[in-house]
Amino acid sequence: KSEKDQSAGAQSGQQPQQVVQTPSGNAPSCTIGRFGGTKFDLKTSVVGFSQSEKEANPFRIAETQSIKAEAKQQGITGLRATNGQSQFSKQISDVQQLIAQGAKALVIAPLNSDGWEPVLQQASAKHIPIITVDRKINATACKDYVTFIGSDFYQQGKRAADQMIKALNGKGKVAILLGSSGNNVTTDRTNGFKDEIAKQAPGIQITFQQTGDFAREKGQQVTEQMIQSHPDVNAIYAENDEMALGAVTALKGAGKKAGDIKIVSVDGTRNAVAQIVSGWIYAVVESNPRFGPLAFQTLSKFVNGEPIPDKVIISDREYDSSNARQSLATAY
Amino acid sequence: MTVTKPEDRRPPHDDAPVLEARDIVKRFTGVLALDHVSLSLRPGEVHALVGENGAGKSTLIKVITGVHRPDEGSVLLAGRPAGFAGPLDAQRAGVQAVHQEIGLVPDLSIARNLLLGREPRRALGLIDSRRMHETAARTLTSYGVRVDVRLPLRSLGVGAQQMVALARAVSVDARVVIMDEPTSSLEPREVDTLFGVIDRLRDQGIAVLYVSHRLDELYRICDGVTVLRDGRVVHQGALADLDRLRLVSLMLGRDVAKVRAEGVTRFSGAHEVSGEPVLEAHGLSSRYLLDDVSLTVRSGEVVGLGGLLGAGRTETAKAIAGALPLDAGRVTVAGLSVRRGSAGAAVRAGIALLPEDRKAEGIVPTLSVRDNIALAALPRLARAGVVSDARIDRIVDTFMKRLRIKATGPHQPVAELSGGNQQKVLLARWLATEPKVLLLDEPTRGIDVGAKAEVQALVDELAETGLGVLLISSDLEELVEGSDRVVVLKDGAVVGELTGDELTEEGVMTTIAQGVS
Amino acid sequence: MSEAAVALPRPAGARVLTWLQNYGVYAAIGVLIVVNIGITPHFLSMENLRTQLVQVAPIVIVSLGMALVIGTEGVDLSVGSVMALATALLPLYLGYGVGPAILVALLGGVAVGLVNGSLVAFVRVQPIVATLALFVGGRGLALVLAGGQLKDVHNAALLDLGSSSVVGVPLPVVVAGALTLLVAGVVRRTTFGRQLVAIGGNRTASVLSGLPVRRVLLLVYVLSGLLAAVAGVLATARLQASDPSSLGLLMELSAITAVVVGGTPLTGGRVRVLGTVAGALLIQLVRATLIKHDLPDSVAQMVQAVIILAAVYAARGGAGR
Amino acid sequence: MTTEQAAADAPVIHDTYRPSGRDRAFGLIQRHGATAVLALLLAVGSLAFDRFPTGENLGDIAITSTFPAMVALGMTFVIITGGIDLSVGSVFALGGVLAAYAVRWGTPAALLVPLVVCGTIGLVQGLLIARVRLAPFIVTLAGLLGARGLLLSISHEGATTYLIPHGSALARLGQGRLLGLGYPVYLTLALFVVGAVLLQRTGFGQAVYAIGGAEDAAALMGVRVTRTKIIVYALSGTLAGLSGALNAARLSSGVTILGTGMELDVIAAVVIGGTLLTGGAGSVSGTIAGVLLLGVIQNLINQIGDLSSSYQQVVSGAFLAVVVVAQTYLSRARRM
């Protein structure tokens, strides 16, 4: 796969659609018959969408918007949306409530990969198809749930590592701004990054890793402490853009210049891409939140009896100095 | 009710002491509260423990019952070292105490307070609440307290709470019962009830340690006496061998002649009453509590408020001070009417209420003596909201001297003071506001003879400067001698008013007995 | 009774003990600084001092308000949400200039304080639940106002608040210092300050003494809201962005901890302003130490727990809550 | 007791106060203010949303409320003694992770390990509070951090989620249903009955109330203050651990991100249920009502449907304020 192609393709629309990575999982084989349900009309049914976190960061805002917009576009009037407000127990009960409200199909953005047992039981008893977006659920596809649409977070970590290796020419000291502890995304993005570094660039040392809780302020504060205690750090890997932007503010405050310390992050928000243009961030690995079209496309196919794959991995773009300026308008 | 007369009292049993305190020393930060104090109690003996405020009486009791650990010395029970680890230990061993500051739990029901720790049980050791309520009601009725025992203790007046505490202590198998100022808020009739109980205890061979500032009570029931002064024993022996003057002089550390010259109550008698009503209360009514109470206090006059426990005296005072929600009624001070139901308005109008329940409604335990005294007068001591330390210091100093408040200094936390001294601090708080009307609810409760006389003299003095005083006291002698006029309440309504020659202790009692509300 | 106001001397040992009880938090800070000088590279530098003071400034400011509230035997859970509200309001009014924008942000804090204060003072709701409503709703409101979006702030005058210095001292630190002095003055020297501790010590007694209890309580919560809003404005200036979703998260716990570690009992009736500042500094130092030494979260949390316990053990004054 | 007769003929000075019917009604509402508000809310919900009063929906509310309810039970005891326990959220999460970790040694171990570990955390907190006399707020705040730290270290900084095998006895315990309600609901109800008996009908319960009402007085009355406090915190830790373990059984995994902010929800539920944060008063039945109130509010907000997450927060804050004010007013309907 080539980055150039993807970016080029993506730039054609104002809002770049998610592009399915190929090959993506097994060949399409999951049908509603195999799942145990019967065909129905999506447009006249209640469809539940369970968001995991408040729509208070660009990713979640774009994700929810995309789902709602696409539902409208497809004429699905019975969309009911809930929000787990970052509390896993609440998300579980939200989904159960959606089921109780007669949802015929569910789109879930899970807060956590494990712990979905009660929901899956209730849903499979009623043969309600579940599509999870952006995070996986640890269960059997086409049995407990239908399919997963999203990025590969481990892969994102690896690609960030590749960018980091490029930025440092294979040698240097890196600090990691971790996401929230206990979060699957954090774990995958960390492991992907570390594995790739260990494999490809033994000259790069990871000398510092502290959680920035995916928040800008925390990223700023941790970076401020870090640049005093670890003045020899050459680069920062931030597991989301917000923390990277916090790090930028901290570096500016400490009198550093753009590019002194290389920053690589994941997400692809407009603010972060803009910082590539101004030279503060070296590269950003995209994590595309616009799940709506793909989710409803897949769901429609499924309820119409067509086979769908057991996972749909989307291919994320990458931004660096070569394409940042052009991509700015299309970043979310 | 029969009260044993001293002459038919049996001589103290001369068995071995049941309880003994030997050479007790107790220090608090900066205070030597007990200095080698020894004391012994024989079965069937009623022993008086007296001394001025802060002499160390309550501290001694707390050491004996294991609340405080002595720094030196030991407590022996029936000749064996007791070493109580806490009050529970002491209670198990048969040493029961009624503490000065009541020591019950206000939010718990009356029945539960009474029977806490020995509730009647059913199968599986579960509490049988029906029997608990029955037992509690029966026990309390026998002490003359008839209330719904399921109500929180808080809903009782202080006097009734005191009776509950007493009943609690006495209704257990006890070898020693210690009472720290049990009568300080009791009526003559309850006092009689209590003395009946004490006589019983004596007959059963139970030793009683009795603390009180009311000297005539001591002479009525006590056999032996220990006098404490500044944490030291200054006298020990039979009470019959000491006359009242000598006892007072021992307590105060002054010579007999001086005490005699000063007299025992300090009320001077009638006051110059200007005739201008300074306080007028019209038709104060509040469901269940007050029924159309009206009274007038003139400038320079001391008006007593008489009545039995629960007659509504405290409520009347609180209503006047804006601290009781009223259904009807009006209060005016010097002709200006005071906004109803607002304590702040009452204080600004010049009404000062010395509350009955010092601990719950009076002192602010986290603050120093100084801050407690200055509290109500703050707005007067401040300019544009900024207080002047110099002015506060001046006022605090004045009142600490004038009321002889015994403390390590103005900055001592008020919670560390002895009960009597806390009362003086509260009085100082109100005097600092230069009030027009002073409502004193049991002002000498728990105050030693010396201080009591001072407070009484002060009341006189204040009245002379034109203040109107409303005096509530369960001490009939104090009430009759201190007041120019006594308004008698019963069941929340005025049933009579006594002046001049009718104003005698008997007169008050008769009015209460005959009064119909 | 012989003399009036008998002054009894206090033995020296007792005085040391009392000092330790009252000032244990200072001792704990001292220990932590000494340890850090020993083990943390570049700890003794101006930049480090600056970083710690700048980071602690919002905590100090919020804690000052919290100390007043706790002094009245209350608690204010809504402070973090107030910070969020302030940060959300700022960019909306920056068009009218920095002054008006800050004013509106501060008014937001005052409004929250008024609601909290009214619930506590007039309706007599228990403070923890009264302020819980706005703890939940306040941040929601902030997000609604901000349209859920984090917004970058570019207004130079506002950013100056976060980055400029007065004679070498960063402005947020100057503000925190000035507010500390002000609040200390209020507590010590004003009727309001004296009354608020009295209310915390014994509300019934305060009512009977004619104190304007409800007015004082209302004002206390308003001040807490106002101070939290000030912290929110400063934090926004420093972050150079308005981030209502995460600004001030868990601030209520930090502030309460700072106040309590600083020797103000949760049972009210006492306020230690300088102790509160020290408590905030202690929290900051602990966090900085753990980050600088790159301890994993699991260890960091446990170490933090131990240090907090050790600090209150050293300052063991209150048996109360 | 003989002294009773001594005074049997004493004058009667207090008339028995007999409450009128209206007073009794007020008293009832006062004690059950939260229940009254809950009933009101249920009625409103049923009228406004036809999907609300269905068995399935109410069953969901029940099972969702079960786990915080169990934690709130322990919290009720703690708060009645005048204390507070901030550690419950972390301990709840820890209990779940421990259960999922220990299930490899069998179901009994999977229940025992969290109970023992979480109970011990509570016990240690109790010791620090009652014996060393540190402030409960601080001790349990340290507990919150410590338990979370422990959880993170067991789960490799949260990277590992231990699973509870399908069909194991533990999983069945968490997921089984009887008459449409999950097993944990029945267990919680049973625990509340035991809790209520403990609180109202045993010496321990009396001690809990007495300590919260006036600790010094309770000590003078011979209540074992230290022991009672230690037990209460140990109980709270144990219940939080049990709740966490059962929740893990329900979810089939020891989810590491649970429990953050749970302490505030639980405290709110207890306080809304009429328990005074200053101690000395409160009831277990009120706590149930408090927990259900919060659950129903959440459910109703979801019923409203298309509310953005920020608005949801505003609405639940407003709901909370209204409920609290209503409950406070009801509780004060009778003045003394």
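A, B, C and D are the chain letters, set down in written order, and residue numbers restart from 1 in every chain.
One rule holds in what follows: a residue touches a chain if its C-beta (ideal position, glycine included) is under 8 Å from a C-beta of that chain, and two chains touch if they have at least 3 such contacts.
To keep track of the chains, here are their UniProt names: B = Sugar ABC transporter ATP-binding protein; C, D = ABC transporter permease.
The structure displayed is predicted, hence computed values, not measured ones.
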item: A-D against A-C, pair bridged by the larger set of C-beta contacts; value: A-D
item: Between subunit B and subunit A, distance of the C-alpha-averaged centres to the nearest whole Å; value: 73
item: Approximate Å spacing (C-alpha centroids) for the pair subunit A, subunit C; value: 36
item: For subunit B paired with subunit C, centre-to-centre distance based on mean C-alpha positions, whole Å; value: 43
item: Junction residues of subunit B - those touching two or more other chains; value: none
item: Junction residues of subunit C, two or more chains touched; value: 143, 148, 265, 297
item: Multi-partner residues of subunit D (each touching 2 or more other chains); value: 152, 157-158, 308-310, 312-313
item: Chain pairs that touch, as defined at the top of this document; value: A-C, A-D, B-C, B-D, C-D
item: Residue ranges of subunit D touching subunit A (in the complex, touch as defined); value: 51, 54, 56-57, 60, 63-64, 67, 152, 155, 157-159, 161, 163, 171, 175, 247, 250-253, 255-258, 260-261, 298-299, 302-303, 305-306, 308-310, 312-313
item: Subunit C-facing residues of subunit A, complex; value: 54-58, 61, 181, 207-211, 213, 215-218, 220-222, 224-226, 228-231, 242, 245-246, 249, 253-254, 271
item: Complex contacts: residues of subunit D adjacent to subunit B; value: 1-19, 197, 200-203, 206, 209-210, 212-214, 216-224, 280-281, 335-336
item: Contacting residues of subunit C [partner subunit D, same complex]; value: 73, 77, 115, 119, 123-126, 128-130, 132-141, 143-144, 148, 253, 256-257, 260-261, 265-266, 296-306, 308-309, 312-313, 316, 318-321
item: Residue ranges of subunit C touching subunit B (in the complex, touch as defined); value: 1-2, 4-11, 14, 17-18, 189-192, 194-195, 197-198, 200-202, 204-212, 265, 267-270
